[in-house]
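Next come the structures, one after another.
Two complexes come next, and they have one chain in common, chain A, joined by chain B in the first and chain C in the second.
Moving on, here comes the complex of A and B:
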């Protein structure tokens, strides 16, 4: 049945409003990052202003953001790869052998507030002289990535018919051979979904790096937080810093939209 | 000769002939060999720290993490549970924040999901727009709204001015700060609820809808008595996932109001309170007590929600 014309007009109006409400703040942030601080303070120059890249020059050159970008990339990449190496076989086993209780152990990590683990972690890792290093940052981010990957991939393996592996066994492959040569290649879309989401969550993580990083290993979210000193805020620089951390992830999400959505909604329709 | 023997056997796979004993062993034990590393990793980072937190909650540990501490029994628990200055207000704010954010996100998320349900031109662009807030870094989002909600130069008061409404203090106000952070959370995470519900809606079959339409049900009746009950399992998942994350919210609060949730602790939830006790004041004993109580609250809430979910399945 075709919806009535009145509803169609309402729907277009409502959708335009939703888009504006979601995108306008982000566009405002980007536009402020291109303004001088004088222009930011001038409401008359809300839209009509002459753009400048000074804020970016300041953030990238003086405030060492290039280093923090590299730190963030490295930690997110390493945590994602390590979590995939641990998480893929685990999710496979938990799916095929129906190990729901074991899965619960891993998924508990998603429920517990990070702050309740930070004091013991800080204690242990400072005794191991690891606080401030990349190792502890990667481990702490894996604690977020691994449950996410296991959760997404369990759903994926559940939907992958076991008959394909059985056929491979008949053809003489071992179980592990079948996993490596049949299951994993067929799971590329699922792995992409899990990997991309893991990368995004790690990139955005703030609390673990706030406690466990030092001046050399700081990730971008912590660097942005440190940008706000006790003195008056350099709004242009702050918005440039905020744009530097969000824009790459938004651009990535644009290109791999399908995977991000399927990862975020994983497990939603199975009930 | 060799060719004759091979043709008699099923096609050779690289692993089959004279498979070493250890390969057989690995294959026989793959269930746990596959699952154990991940489980050990999580358990090591989870079980020991929780036990440690439990132990610390019974001590007067403070100052350096290496300093000696004395066992004080349940004194911290008595202190925390009778603390009406910081602890109970923080519990109240956590509950307010979580419940308010969740209600707005579910209602608005449902509305957006219904708007997007049937295909239309330009659907792709709306979906992209919806994705942007929820992949954005929460700390950066907090900073962005700090500028927009700045009482003097922020765009929010400009927009209110167009409608003849006077400037509001937003994040700077003692009573408006918490609602403003809830607004920010709703802005960022409503898309997540919308996407989950949309996935649920898309997977529903058309027949019950058709049947209700033929029986003359109005749009509202169809939503209330057909769509909503069918969507219940998905809705529960959405509430569960978002509820857990809302309960754990830290980034937005700390980025907008900093230590202690502002000078009047106006956005100090349990997360912010426990973080401050641990890392701003180094009161490890008390902070561990707060965390254990918080943890019990979360387990209780989870249990209530999953019980609800099981009931919905029946």
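Moving on, here comes the complex of A and C:
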């Protein structure tokens, strides 16, 4: 049966409404990043304004953002890869050998607020003379991404039929061989989901980077605050910097979107 | 609790690198530019970490709590966190160091120094001071037939009402409206009505007659002469935006923000902004005169002597003068007294600051350990008054809560 015209009109209107509500802050951010500081506050120039690229020039040239982007990419990438290397086998064994208690411990790490760990961490890492280096940032971000990856992948591995691996074992593969040659290739959507979410969490992480980084290893979320001063806020620069922080993640998310959705639902149907 | 004196005995560990943590501020930009000169003179190296004010606080709370020696010199807000830091023993006692002969400790204004002194010992050196002044629009006043800015709060109320009636698009008055953020700018109204947050005996006093009048006046002025449909969470960026977009005639605010109003790149009315001393209330004109920022030495630093060398240089007469010339008001009497020290400020601003230096009160918020919490409590009646609720009743409620808060803190 074809939907009635009234329903179709309603559907379009509802879609437009939801889109606008979700996109408005983003559009405001992008438009503000193209305005001068006087124009940003002027409601009369909300849409009609003469755009300027000065803010971007400021962000990318004077404020050294390229360096911060590289820092952020490196930390997020390294933390995600390291978490995948440790997390995938962990999730697999917890799923296949029913290690629910270990899973609970991992979940605990997910539940403890990171801020409660900052002081002891800082104490330990500063005694190890690691504060300010990339190593400590990567390790601290793994604290967020590792449990995330283990949890998503446990659900995913649960949903894969064990019979496939049993068949592989009969054909002469070891457990590890079956994991590597059979299970992992089947898990690409799950791995993509876990990887991208872990990357995003790490990219956006502010608290750990604030305390554990220094001037050379500063990541983007911390660097953004350079535009907020005590007696002056550079809104244009701030919005341009925010756009620079957001865009890479949006692009990545668009590309891997279909994996993310299938990965999440695959995990969700079971357990 | 005593502050550990780290000044002596650790010369062996002293390093040639001074680690300095500073807030994003014009002051910091200026100091960074002048640093090579200091490094050349002293043969020391300075490593600067620069952060936004709240991020700076978070970082201190983590690092100093862990007893870190990674910070030598710290820029902090004496009134917001000074008491907390001093009580926790984060700030080194500077009593011996300030005796340095050529540096002239007695030159610092007493009001700001009060805020950086803990249990009789100086623990910080004020670098930036702040007073509340009246910002106004010269053109709107002229249009309304007023030849001078209001001298009293009654005149301010009349003038604001007059302009609002004549210009439907323009508010007569704007100021901060957010519960916590408005507290500091409300404080001058409170003092000028003859009140204070706490009375002489240390009891909560935000329901005194003076305080009730001040709440009713401040809230009423914004409700009656303020922008239409005014929100009750405006901080300075929002209130300043209304003023700089030309949508308000009067604005009471910290003078440290004046460049936002007079810089054509940020303000549409840059050539029409005037400044006047804070209008007098029944208790006279009593704006706050406070140190918004100070430098202290981390009590766990192993480099105290060199840290002090940096502070001594950064707060010297020469540097203070250079800072003041670029628009950052300092705390040295001699710099204020010299014509050069005030040469770059607008003339009416200088007059307003001089008035504040004479009658100013040394705090702009309750002087407690948990300042953020206290601001939420004493700020509630401001919001209630703006939204048209009974200010006196709100003040009574707030006073009970504030007294409870003070009792808890005294335990």
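We take it that the second predicted complex is superposed on the first by the 242 of 271 C-alpha atoms of A that agree within 3 Å, B and C clash if a C-alpha of one lies under 4 Å from a C-alpha of the other, contacts with A are read in each partner's own complex, and residues count from 1 in each chain.
Keep in mind that, in the parts below, contacts are C-beta pairs under 8 Å (C-beta built on N, C-alpha and C of every residue); 3 or more make two chains touch, one makes a residue touch a chain.
Source: prediction; values computed, not measured.
J.: Fit or clash for chain B plus chain C once both are placed on chain A?
T.: In the superposition, chain B runs into chain C.
J.: If you tally the residues of chain A touched by each partner, is the higher count for chain B or for chain C?
T.: Between chain B and chain C, the winner on chain A residue contacts is B.
J.: Between chain B and chain C, whom does A:214 touch in the aligned arrangement: first, second, both, or neither?
T.: second
J.: Just checking: does A:119 make contact with chain B only, chain C only, both, or neither of them? Give me first, second, both or neither.
T.: Touch partners of A:119: chain B and chain C.
J.: Between chain B (first) and chain C (second), which does A:195 come into contact with in this model arrangement: first, second, both, or neither?
T.: Neither: A:195 stays clear of chain B and chain C.
J.: Using the touch definition from the top, say if A:228 reaches chain B (first), chain C (second), both or neither.
T.: After superposing on A, A:228 lies in contact with both chain B and chain C.
J.: Kindly classify A:41 by the partners it touches after superposition: chain B alone (first), chain C alone (second), both, or neither?
T.: After superposition on chain A, A:41 lies in contact with both partners, chain B and chain C.
J.: Starting from the residues of chain A touching chain B, keep only those that also touch chain C in the other complex, and list them.
T.: 41, 118-120, 122-123, 126, 207, 211, 225, 228, 233
J.: Over in the complex, which chain A residues touch chain B? Could you list them?
T.: It comes out as residues 1, 3, 11, 14-15, 18-19, 21-23, 25-26, 28-29, 32, 40-41, 43, 46, 86-87, 89-90, 92-94, 97, 99, 102, 105-106, 108-124, 126-127, 139, 142-143, 146-147, 150, 170-177, 179, 200, 203-204, 206-207, 211, 220-221, 224-225, 227-228, 233, 235, 238-239, 241-243, 245-246, 249-250, 252-254, 257, 260-261, 264-265, 267-269, 271.
J.: Where on chain C does chain A make contact in their complex?
T.: 23-26, 47-53, 55, 58-59, 62-63, 65-68, 70, 237, 241, 244-245, 254, 256-257, 259-260, 264-268, 292-293
J.: Within the complex, which stretch of chain A touches chain C?
T.: Those in contact with chain C are residues 36-38, 41-42, 118-120, 122-123, 126, 131, 207, 210-211, 214-215, 222, 225-226, 228-233.
J.: What does chain B use to touch chain A in their complex?
T.: Touch list, chain B to chain A: 10-16, 19, 23, 26-27, 30-35, 37-39, 41-43, 45-46, 48-50, 52-53, 56, 65-66, 111-112, 115-116, 118, 120, 125-141, 143-148, 153, 155, 158, 187, 191-192, 195-196, 198-200, 203, 213, 233-234, 237-238, 244, 247-248, 250-251, 254-255, 258, 271, 274-275, 278-279, 284, 287-288, 291, 294-295, 298, 302, 313.
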